[in-house]
Structure formats: structure tokens, C-alpha cells
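Both complexes shown next keep chain A, but they swap its partner, so chain B is in the first and chain C is in the second.
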Partner chain A sequence: MNALEVSGLTVRYGPVVAVDGLSLVAPSHSMVALLGANGAGKTSTLRAISALERGRSGTLRLYGEDVTRLKAHELVARGLVHVPERRRVFSTMTVRENLELGGYRYYRQSSELRRQFEATLDLFPRLRERLTQTAGMLSGGEQQMLAIGRALMSKPKVLMLDEPSLGLGPQIIQTIYKTLQAISAQGTTVLLVEQNAHLALRVASHVYVLRAGHLVAEGPPSEFSQEATLAQAYLGSDET
Partner chain B sequence: MIGQSVRRSRPKALRYGWAGILLAIVAVALLPHVDPDPYLISVATLAFVYMGLALGLNMVVGYAGLLDLGYAAFFAVGAYGSAILATTYHWPLLATAPAVVLMAVVAALIVGGPTLRLRSDYLAIVTLGFGEITQISANNLQITGGATGIFDIPPLSLFGWQLLQPVDYYYVLLAMVVLYALITWRVRRSKIGRAWLAIREDEDAALAMGINTVRYKIYAYVGGAVFASLIGLVYGAAMTAIAPTSFGYPQSVLCIVAVLIGGMGSIPGMLVGGFLVEAVPEALRNLADFRLLLFGIVMVLVMIFRPQGVWPARSMRWARRLAGLATGSPGDAPGAKPEDLGS
Partner chain C sequence: MAFLTGQIVAGLLVGAFYAMIALGYSMVYGIMRLINFAHGDLYMVGAFLGFSLFGIAGASSGNSMLMSAGIMVLVMCLVGLLGVAIERVAYRPLRRAPLLSVMITALGMSLILENGVLVTPGWGSLYLVFPASLSSRSLTLLGYQLTLGQLELAIIAVVLMAALYLFVQTTMTGKAMRAIAIDKDASALMGINVDVVIAITFFMGAALAGIAGVLGGMYYGQINYLMGFDLGLKAFTAAVLGGIGNIPGAVLGGFLLGVLESIGGGYLGSEWASVFSFSILILLLVVRPTGILGEKLGARM
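On to the complex of A and B.
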């Protein structure tokens, strides 16, 4: 069963085509990585899938159901949750308030909310120590944990992450990626956008490579284990 | 959720808080008996008008983070709507209230419905235009009395009492301000209030959290419109006459100034802000032409030294923390143990 099925996705900003006819599939329980250089269209792809971007065409299926026409908040209710680029935590609110907003769809179900809250804090023990601090006071790594934790509060079936390693030190990246693997092992399908290809290749079960809005390569990570193949996929055959 | 646990963990501090608020209301209510100076009463009544408007605009600007530059238009919708129905069609003034609310809702949906689907910046431009259109229409239409406006607006009558004295409207507006403060206080802590704050902080992130941002932005805008329109109704009755000059861009700006000076998102801030925009120009009245200049200087100074406003929303938290320490209850004092979520 495919958790997420995207076909013919095109994103336009006026005359500029950022993503051109992209199709990708994320099987249930998999961890799929979307790789590519700066400006390849990775962020646009995620924003289009989660309906944060409006100028898009193509079809989107979630567990076989056509959800192309749903709005962003409706997709969240169906279990498709997006952790946006650069974390975007609510910086003047406390960690607790951020997490509560993440569980917004369970606002009137306090037992469900509490269960998600505990599960999230079990995954990110660091956040438990910071509950009453404002999110803006957290370190970059903690903010990334909070951004992921906030998304987990709505109990996603498919979690999409946009560069969770952005601007973080190697140690904290290790911690975050270990947690992502744990989330994946618990049965959440993960779609990951990364610029750091080596990092993504280590954890992903399937890899898509995007260049200038086009899909140029895909396959299991083992196919990209050699530098040359990856460089070719990133830069194009002419340049190598 | 947090509100509930706060209530449980700080009963003493909160009780004192309520006692203080009650005391303040009683003191303000007794003012006309202590000093029945008509000038004082009229200035205070107008201050209540601006407090009510600030509380309404606070929902739009302070909570949802939407810049509304034509807020006085809804004040006008209320004042003119009720005045026309009461004078031309001879409705009792109180009976115009539901119609006035309906007009405000419809106007807000017409202006906000399409605009609020876009980024927030567009709202400022569209509301600016709406404010101008409203005033120019009032100035030129026959039904609104043109530049002379509408006079002989009948008094409000509540439960058989005719409200004829200026001091009567002092009390009506005071009651409305208290009611508005209570409503916004409740809404701020509700599901809607949570959504507003998330939208104000980061609209995209709010959307990614599954919040229907367009719907909640419309709630804020319509709510603000209804607040302003009902204040407009009472204002017309209190003044007995209205003219287009009371509902222009300067009044919209004064409402924004009240919100900014008071402290966006803070209810006591709105009371301070509403009071200041009315009282400061009055206090400077004997400086004649210089008073607006001085008012401007005062505003600039406030923004330099109190950029968050005179009574910012965050200092409430700080004040509560102090209250928690003073009464020996844990509260969210530094180092307090985290409260249980949803308990």
C-alpha cells in the first residue's frame, strides 16, 4: 500500500516552473528521501504536496484516496503533516504552547492530546526539560526537535520534513536522525528533503533526485553509494 | 488547558486579581457621584468609546495580527445604521441593535471574505479603501444626511427607562467596555484564541498545524466589526447627532494608536490605550494649536521607551508570576514544576 502517491506535480511561480511533472511514491512505513542541489525544487515540492503552495497541478493520493483538492488544514486532519523549512516554531510561545498548537485537531479531546504529548516528550526528552521556556530561547537543535515534535502532536501518518539538518552541528543531527528512524520504526511514513545527501542515503529506503525541477534519478540508496553516480545525478551527465 | 491548570494552581493570586478588577470597576462607576462635572463625564464617556473600539480592534490587530486601517468604518456602520433606522423609520433605538450587528457582519464579510484569503498585507490596503469609501458615502448620500449628518437621534431606552442624561451613557458604555473585556478575555483562551495567536506568529506554520487560517481570520475581522458597530450605536444615542467627520481616517488611526500604545494583545493595555488617545489631547487642550504636535511627541516617546506598549501582554504574565510568588503559590514562577497538560 502506498501511503503517498504524487503524479505529474507541477509548481509555477508566475512564468517560472519550479517543479515540472514530478511523480513520486512513498510506500507505507517507508522513509523516502528527496535530494537535490539548491534551487532544485525540493521545498516547492513539499509545499505543494501539503497545499501550502497554491499554484500547483497534478494529483495527490493519500492511502489510495484522491486528496488533490483538499486544503492544507484538511490534509493535516487526514494525517499528512509538514515540518516546514527553517523550523518555524512559534518563537514567543512556550514549548508547551507550541506542542499544544501542534495537537490543534485534538483540542477538544484532552486525553488524546495528553497521550500524544507524552509520546512526543518520550521521543524528545530534551523538550520535557524546556516546557515552560519560550521557543525563541531554545538552541537551533532544540527548535528543530520542537518543530518535529509539534508535527507529531497531530499524530501524522505521513510526516514530511524539509531539511531537518539545516544549520545544525553534527552531534545534534545524529540525535535528530536517530529520532526520525525511531518515528519511522513506529509506523509513520517519512518523506525527507535533504541537501546533505550522505546523511539521507544512510537512513532512506528509497531516494529521488531532483534537478532544476525535474526528476533525474531514483532508486534504493545502494545505487547511489558511489560518489560518481551521485555527482552525475546532481550535476547532470554533461558536467561529469 | 493551560488556563485550567493555572486556575487550579494559583487560586489565591487570581482571587486577588479579580478583587482588584472589581474594585477598579466600582471606583470608575462611583466617579460621577464623587465629581459630577459634565466636562469630566463627557471626556470619560468618549474614553470608554475608544476603549471599546480598542478592545474590538485588539481582536483583529492584537490577536490575529491583521492590520485594519479602516476600523472606523464599522463604527460608522453602527452609528449610521441605527440612526437611520431610528429617525427615518422610527424604530426604537434598542431594536436596531440586531440589524446593526447584521449590517456589520455583512460589511465585514464583503470586505474580509475575499481579502483574508490573501496574505495579511493586502488587508491593510483594502480596509484603508473601505474606510474612505464609507466616509465619502456618508458625506454624499441623502439617506445619511450628507455633510451635516443625522441629528435628533432618539435616546436609548432600557427596560422602560429613557436614557436622557449624559451620565446614563457613561454607565452604558462602561458596562459595554467591561463586557467586551470579559468576552475577549474568554475568547483569547478558547480554541479560536489559540488559532489567532498561531496565525499572528506565523501564518504558514499555523496552516501546517492544521488550523483553518482563513476561517479564523474572518472570525477575528467579523468580531471586531460587531464590537465597533455596537459602540457606534450607543455613541450616536449619546451624542444625539452624528456627522461624517467623526468616522474618517483619523479615527481609524486613533484606534490603531490606542492598540499600539496600550500594548497589542493586552486587555488592560486596551483600556490604557483607549483612555490615553482621548485624555491626552484633552489635557493638552489649552495649548491650542500645539496640542496635536505634543500628542504626537507623547506617542513617539511611548514607542521609544515602551515599544511593547504601556501595558504589554507579556508583562501580565510577569505580574502574575510576581503575584504567584507573593502569595506563596507555585504559579509559573521560575523553576516551578511543569503543569500537567490538559488536566
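On to the complex of A and C.
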């Protein structure tokens, strides 16, 4: 069964076509990577899937159900959760408040909220020590942990992450990728957007490559294991 | 010295009005980066609704506390709903529009409310005498003579503003409001229904302006369809003074402006009071545009 199925996704910003007829699927329990260079349209794709972009067309299915017309907050309630590019934590609010907001759909179920809260803090123990600090005071790595933790608060079935490694040191990237693998192993379907292909190829079960809004390659990560194939997919073969 | 204390107490009373209106300005600005020029007119509409309801109830003596309270709550709900309706029809369609379009719409909304009241049968005269007044029993506080009604007014204002502050700080909806003020898209990704929370924000700001209108009618004794304009500008000044977008700032700014104006007016003559407060606004915009509790005045202003 496909957890997520996108077909014919097109995203426009006025005259600019950022994504052109993209189709991709994320089978249930898989970890799928969407790769591409700067400006390839990765963020636009995720934002359009999350119903944050207006100029979009195409269809979106979640576990077979057509959810194209749902609004952003309704998709979250269906279990499709998006960790945005550059983390976007609520910087003047405390770590605890950020996590509570992540669990907004459970705010009338305090026992559920508490359970998710504890589970999230068990996954990211560093956040536990910083609950009363404002999110803006955290290091970049901690903010990324908070952004992921906040998303986990709503018990996602499908988790989309936009460049979780952006601007972080190798040590913290290791930690975050280990956690992503753990989240995936627990049964959450993951759609991972990365510019750093080497990272994504290590963890993904299937890879899509986007260039200038078009899908130019896809396959299991083994097909991209050679430097040359990857460079070709990223940069195009028609270079002179 | 007694003169000065007197001016301060009087200033705090007027400041309570400014603060109640400034809160609505500030909350709406915080969440939408919109200066809702129609906000002062919601105060005016509140006063007129209070006028009619007190008229129907025939409470000229004003001795029935329960009925006054009932009327105030009803006006809060009605004006709150009016605020929600205004957001829905006038502002929501423009949420991604350029700032200038939104500002013009807000000014238009203000004119619609003012002229709407002017053409309403029973409301359309230049001045109306408010049918209810605050208790005039006098008492002495800190050596200053004031009336029970003035004290009641101050207490109602402070209790409502404290309740609002607690709501925004502690409830999940309040946290959602603060989150939306920081980042709308990220808030939607938390599963927050941004439209609903913005509507609640408008409701609360408008309800506060509405009850301030009833209290204003009772305090000043007469109402007129332009009464929201002047007060709206003062409240806007107060919001900027305290740091717009910031709730404690709006309250602080309201009381501070009330007191400064009262002292300034007391020494220079009351006809100078408004000149005084707008001079403060201009001075502030030059010296410290972020206000006292300073959040940045967004680039959209």
C-alpha cells in the first residue's frame, strides 16, 4: 500500500514553473528521498503537498484516499506532517510550548499529549534539559531536534523533512539521521528532501532526483552509488 | 501635589479605555501585521448598542448591577461577532494582498461603520445622551476623591485585560495565537486552523472594544458616531507607545498615555491634551519606533 501518492504535481509562482508534473510514491513504511540541486523545486514540492502553496495542481492521495482538497491543518490531522526547511521553530516561545503546539491536534486529550511528550523527549533527551528555554536560544542542531520532535508530537503516519542536515555539523547530522532511522523503523513513512545526496543515499529505500522542476531519475539507491551517475542526474548530461 | 495625584488618577481612568482598545489593535497587528483602522469604530458601535439596550431595558437609574452586567456581556458578544464578520468579508480575502490595499480597506471599513451608525434610525443624531451612568457615590482613595463608578470601571478594565493576558499565555488557543504571530505557515503545519484562530483573535479584540464603548458611554454620558475615531487614534498611539504586537505593552502604553495626557492637559489646559498625545506619538516614532517593550515594527508598516 502506498502511504503517499503524488501525481502530476505542478507548482507555479506567477510565471515561474517551479515544479512541472511531478509524480512520486512513498510506499507504507518506506524511507523515500527526493534529491536535487539548489532551486530544483524540492521545497516547493513539499510545500505544495502540505497545501501551503496556492498555485498548484495535481492530485494527492494518502493511503489511497484523495486528500487533494484538504487544508494544511486537516492534512496534519490525517497524519501527514512536514518539518519545514530552516526548521521554523517558534523562536520566542519555550521549547515546551513548541512541543505542545506540535501536539495541537491532541490538545483536548491530555493523556495522549503527555504520552507523546514523554516519547518525544525520550527520543531527544537534550530537549528535556531545555524545556523552559526559548527555542531561539537553542543551537542549530537542537533547533532541528525540536523541529522534528514537534512534528512527532502529532503521531505522524507520514513524515516529510526538508533538508534536516542544513547548516549542521557532521556530528549532529549523524545523531539526527540515526533518529530518523529509528523513527522509520517504528513504522513511520518518511519522505526526505536533501541536497546532500550522500547522506540520503545511505538511508533511503528509494530515490527520486529533481532538476529544474522535472523528475530526471529514480531508482533504488544502489543505482546512484557511483559518483558519475549522481552528478549526471543532478547536473544533466547535456552539459558542455 | 494633590493636583498632580488627581491628574494621575484621572489619567489612569482614561488610560484604562486606551488600554482596552489598544489591546485589540495590538493583537490584530501581532497576528496579521494589519493596522485595523476600523477598530476604534467598534468601540463606537459598542456604545450605540449599549445605548439601545439600556434604552430598551429602561435602566436610567443604573441601580441594577445585574442588568448592566448582562448588557455589557451581550454587547461584548455582538461587537465580537461584528469583528469576526469584518475580518471574514474585508480582511481575509486580502491576506496576501499588498499592504496599501489592506490599509485602504481598513479605512473604508471605518467609514462604513461610522456612516452605517449615522443612518441607523434612532442612532443618527449628532449627540445622544447615554441612558445609563456609572454610580456617582463618592469615595476617597489615597487622598483622592473619586466615584464608585470610576472605580468599577477601572476594576472591570483591569480584570478583563488580566483575563485576556492569562488566556493568551496559558491556553492552547492563546499559544496558537502567539505561534501564528510568529509564523503562519509553520503554525498551519502544527495542525492549527489558522483562520479560526485569527477569527477568535478578532472576536476578543472587538469584544473588548465593545464593552469599552458601553463603559465610555456611561463614563462620558454622551455618545456620537465619530467618537471612535479620536479614541482609536489615541489607542493606536498607546499600542505603538508600549510596542505594538505586544499585549503587556499595549496595556502599559494605554495607562501611560492616559496619565501623560492628563498631566499635560492639566498644566496646559485640556484642549491641549490631544496635541500632547500625538506629539508623543511623533516623538516616539522618531526616537524609539519599537515602543517601550519593543517588538520590531514590521517592514510592512
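The criterion applied here is as follows: the second predicted complex is superposed on the first by the 239 of 240 C-alpha atoms of A that agree within 3 Å, B and C clash if a C-alpha of one lies under 4 Å from a C-alpha of the other, contacts with A are read in each partner's own complex, and residues count from 1 in each chain.
Please note the rule applied: a contact is a pair of C-beta atoms (placed from the backbone, for glycine too) under 8 Å apart; a residue touches a chain by one contact, two chains touch by 3 or more.
Remember, it's a predicted structure, so these values are computed and weren't measured experimentally.
Novice: Following superposition onto chain A, is the placement of chain B relative to chain C best described as a clash or a fit?
Specialist: Because the two structures are overlaid on the shared chain, the partners are seen to clash.
Novice: Identify the partner contact of A:T132: answer first if only chain B is touched, second if only chain C is, both if each is, neither if none is.
Specialist: Touch status of A:T132: first partner only.
Novice: Tell me which of chain B and chain C touches more residues of chain A.
Specialist: B
Novice: If we overlay the two complexes on their shared chain A, which of chain B and chain C does A:S154 touch? Say first, second, both or neither.
Specialist: both
Novice: Counting only touches as set out at the top, which of chain B and chain C does A:V76 meet: first, second, both, neither?
Specialist: both
Novice: After the superposition on A, what does A:A182 contact: first (chain B), second (chain C), both or neither?
Specialist: So A:A182 meets neither chain B nor chain C here.
Novice: Of the partners chain B and chain C, which touch A:S111 in the superposed model: first, second, both, neither?
Specialist: In the superposition, A:S111 touches chain B alone.
Novice: Is A:E97 touching anything from chain B or chain C once the two structures are fitted on A? First, second, both or neither.
Specialist: A:E97: touches chain B and chain C.
Novice: I'd like to check the shared interface: which positions of chain A are touched by both chain B and chain C across the two complexes?
Specialist: Correct list for chain A: 50, 52, 71-73, 76-77, 81-82, 84, 88-93, 97, 100-102, 104-105, 107, 150-151, 154.
Novice: Touching chain B in the complex: which residues of chain A?
Specialist: Of all residues in chain A, those touching chain B are 50, 52, 71-73, 76-77, 81-84, 88-93, 96-97, 99-102, 104-105, 107-108, 110-111, 113-114, 117, 128, 131-132, 150-151, 154.
Novice: Can you check the complex and tell me which residues of chain C touch chain A?
Specialist: Its residues touching chain A are 172, 175-176, 178-179, 182-183, 185-194.
Novice: Please output the residues of chain B touching chain A within their complex, sorted ascending.
Specialist: 1-2, 191, 194-195, 197-198, 201-202, 204-213, 314, 332, 336, 338, 340-343
Novice: Chain C touches which residues of chain A in the complex?
Specialist: 47, 50, 52, 71-73, 76-77, 81-82, 84, 88-93, 97, 100-102, 104-105, 107, 150-151, 154
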